[in-house]
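The structures considered in this document are given below.
Two complexes are shown next, each including chain A; its partner changes from chain B in the first to chain C in the second.
And now, the complex of A and B:
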């Protein structure tokens, strides 16, 4: 295990946080950027899920994806709504709020519920923050902006697209590790799968964007499908690459009784 | 700030209380996880979060339906509608699961945690297969599950009711969507916290684990839900 070089958690935090926020901030001019930012956050969130779920949560990996988006959606709504006078600060406030909620839950899980997972507090904070960026990014890609009252409520909340973003965003984040976990799990393979789940979500978000924004949604959908195929091919190659190292031991030798 | 207004404080406390109801509900529901899916443990064969959230979200639908058709409905009425919807949902889940356990898998329903069923008084231990933690959904688990899901549905209805009071004057027709999504967020947070506490499986109110984990889970849930309550009320400030 140790000789395989892994991308450090800090680099993935920077990748998800900076990539995600740039995507969200570019979304008013280029709605597709929101979805691309969300894919960065999906990759980051999937790695955080991997680090914490390795310890065995007792409840299965899906629970952590669901709590992530639960915290993320509360924080995203809060950040965007409270910063109405300075809309530029909204996404940052959302991420900070998510981190605070995640930190509180992580602290309680560690010290009150006594889960005895050393990375619990850090990973819960990261998971909540990435959940908030996933919600912000995909919502912005559908609404074409991240203005809560004028754009998100009529274009994302009223028509129920938010439920889709909540659920599929959670699955995009929890599925990669849930599918790859096991003794031969490797970070690179899981990250490619995270990219592919994020991109397939982007493709369907593009479909929703055709409904709300018109033609520009089609570009989101097409790029999502292309990215999905690219990432899935990479994942496929990794699977083949790793599978080649599995050595057959043959049948159990017949012994004379 | 509007925080010192006693009505606001009461509303924050109510959201905290409803989160706590959801957290408590999870402990009542007989969750067996993967072992129960193979009929090797008592309870329904899926995860805590799925069951609590599944029944709770049905409760949310019934309570919001009540609220939509009777906007002057009182708080207990909305909560009762939520409780009823969630209880019906979980009861039908357990009934369908029970039919499969009884006639498909062919296991006798028995709990490994108690010697006698506290409700029927039937002996349990002689029916537990060797090497398992019980099978199926015995009477006490069924009753406990129905009570628990009713608590969860009432909690969901309560958050929805409180939030609607804040949001509907500000964003008239969209309030239901925003309040519903926020309630869903609080629901997921509060159903995952206790599932970490119980470690994935619990049989219901008679399980010795129940007494051991309820206090610390409920404490966690009160703090987290009140944090969510403060956030929810501040969101209303940003809508005006």
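And now, the complex of A and C:
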């Protein structure tokens, strides 16, 4: 299996971090960019989940996704709220806060609970940071920018859309590895699935943005559906490639057992 | 909105009925895809050399996946209500979009998990995909419809100070948690291991050795729903319905007073006593489980490998 080339974790960190933050910072002029940034973060986060969960966390995968967005939402709100006077610094502070929370939780898991997973601390930090960007990106796509008091609270928090972003963002991040779990899991297939879950979340976020921003939300929704179709198709191409066999119907093949 | 007692009781009855339907359908929906508890056995079977034709819907635990579909339904319904749609139309469209999203996640879970088991030669059966996914979407649609309707009633009629997506999410998590704890027992333990003695527990040596053949032909997930619909689903529905009914009934009658609190505590005590009596009777009737000879041998073989 080692001959298959995988994208290195460092490249995915850069992809998620830079892509995500660019998306969030572009959102005041182009709300759709927030959602695209969030998709970058979903792909990054899914890979971080993959690296840590490969150590045999079966049922722990959904929990990791939930804790990611739990840390992310706290950090995102904290970062944006304390930087009210300097809104430009808000997202960066949010990501740094998330990384610190993730680092502390990872440290506890490693040294207090003694889970003995070598990549635990690094992955928890990455997962928390990507969770914060997911929250920021999708919220910015719904609210039009990342101004906490004037836009996020009335347009995302009051109407409950934040719960959709929180919950479905977590599933978008945890689902790709969880759905591909198994001994013959491939990074490429998992990353396409991460793109697909991120894009389907973006489509519903676009629908919510129609309520808050009007017509520009429709563009987010349509682009989300198009991106979803592309990634979903790519995922299925990989499934056809990787599966032992894809059959219309048939009996169970004979095995030794 | 202030309602008189008759009207409040009518609303309470409606909520209880909706919760009962939602709970029942949620459990059946999780059984279509062998989600949650049975899932690990379906996942393990190919590794034991036992290939199967059962859907492997590994979205996540039931509370998370149902929370996802319910909050999606609630959010879309809230958007449509904001655009002045009729409430019923908004709820139906919201539930439908959420169910479609859920179905998409289900297809990727089945395809992804099977593709990740290629070394065990597990084939990906497209006919299973084609007729099981619509069943999952259909069941999930009804669950979403009931839950978003409950959230809407609480928000618009009872005047709860929370948004519709929030209430829908809480209901989604609750229905998933109750479906997982009440309903799973009737699928995971009984249907997949029905060739073992009732109550034998799951010996490690039996892991993944699920029943793959039906009365005639090969068993698929739809056959499992047929079995679960006889008891597991309705039991789950009654579980959630009673939870909703008994948690709201005291405050409906006595308002938010200490009397209502006292009645709530009495209900709780009665339930604890009833549970204990059932447990004692079951233990008397069936006694502790005795490992039979065949299993001991199977266990010994497994250890030597």
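In the analysis below, the second predicted complex is superposed on the first by the 241 of 257 C-alpha atoms of A that agree within 3 Å, B and C clash if a C-alpha of one lies under 4 Å from a C-alpha of the other, contacts with A are read in each partner's own complex, and residues count from 1 in each chain.
We take it that a contact is a pair of C-beta atoms (placed from the backbone, for glycine too) under 8 Å apart; a residue touches a chain by one contact, two chains touch by 3 or more.
It should be emphasised that the depicted structure is a prediction, and the values quoted were computed from it without experimental measurement.
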Which of chain B and chain C A:104 touches, first, second, both or neither: first
First, second, both or neither for A:215, with chain B first and chain C second: neither
Which superposed partner A:154 touches (first chain B, second chain C, both, neither): first
Partner chain in contact with A:60 - chain B first, chain C second, else both or neither: first
Partner with the higher number of touched chain A residues, chain C or chain B: C
Chain B versus chain C as contact partner of A:253, first or second or both or neither: second
Touching partner for A:163 - first (chain B), second (chain C), both, neither: both
First (chain B), second (chain C), both or neither touched by A:88: neither
Chain B versus chain C as contact partner of A:189, first or second or both or neither: second
Chain B and chain C footprints on chain A, overlapping residues: 58-59, 62, 66, 158, 160, 163
In the complex with chain A, residue positions of chain B that touch it: 33-34, 47-50, 53, 171, 173-174, 177-178, 181-182, 184-189, 192-193, 195-197, 199-200, 213, 216-217, 219-220, 223-224, 227-228, 231-232, 234-235, 237-239
Chain B contact footprint on chain A (complex, rising order): 57-60, 62-64, 66-67, 69-71, 73-75, 77-78, 80-84, 97, 101, 104-105, 108-109, 112-115, 148-149, 153-154, 157-158, 160, 162-163, 166
Chain C-touching residues of chain A, taken from the complex the two chains share: 58-59, 61-62, 65-66, 158-161, 163-164, 167-168, 170-171, 174-176, 178-186, 189-190, 193, 196-197, 200, 204, 207-208, 210-211, 232, 235-236, 238-239, 242-253, 255-257
Footprint of chain A on chain C - complex, ascending: 40, 43, 47-53, 58-61, 64-65, 67-68, 71-72, 74-76, 78-79, 82-83, 97, 101, 104-105, 108-109, 111-127, 162-166, 169, 212, 218
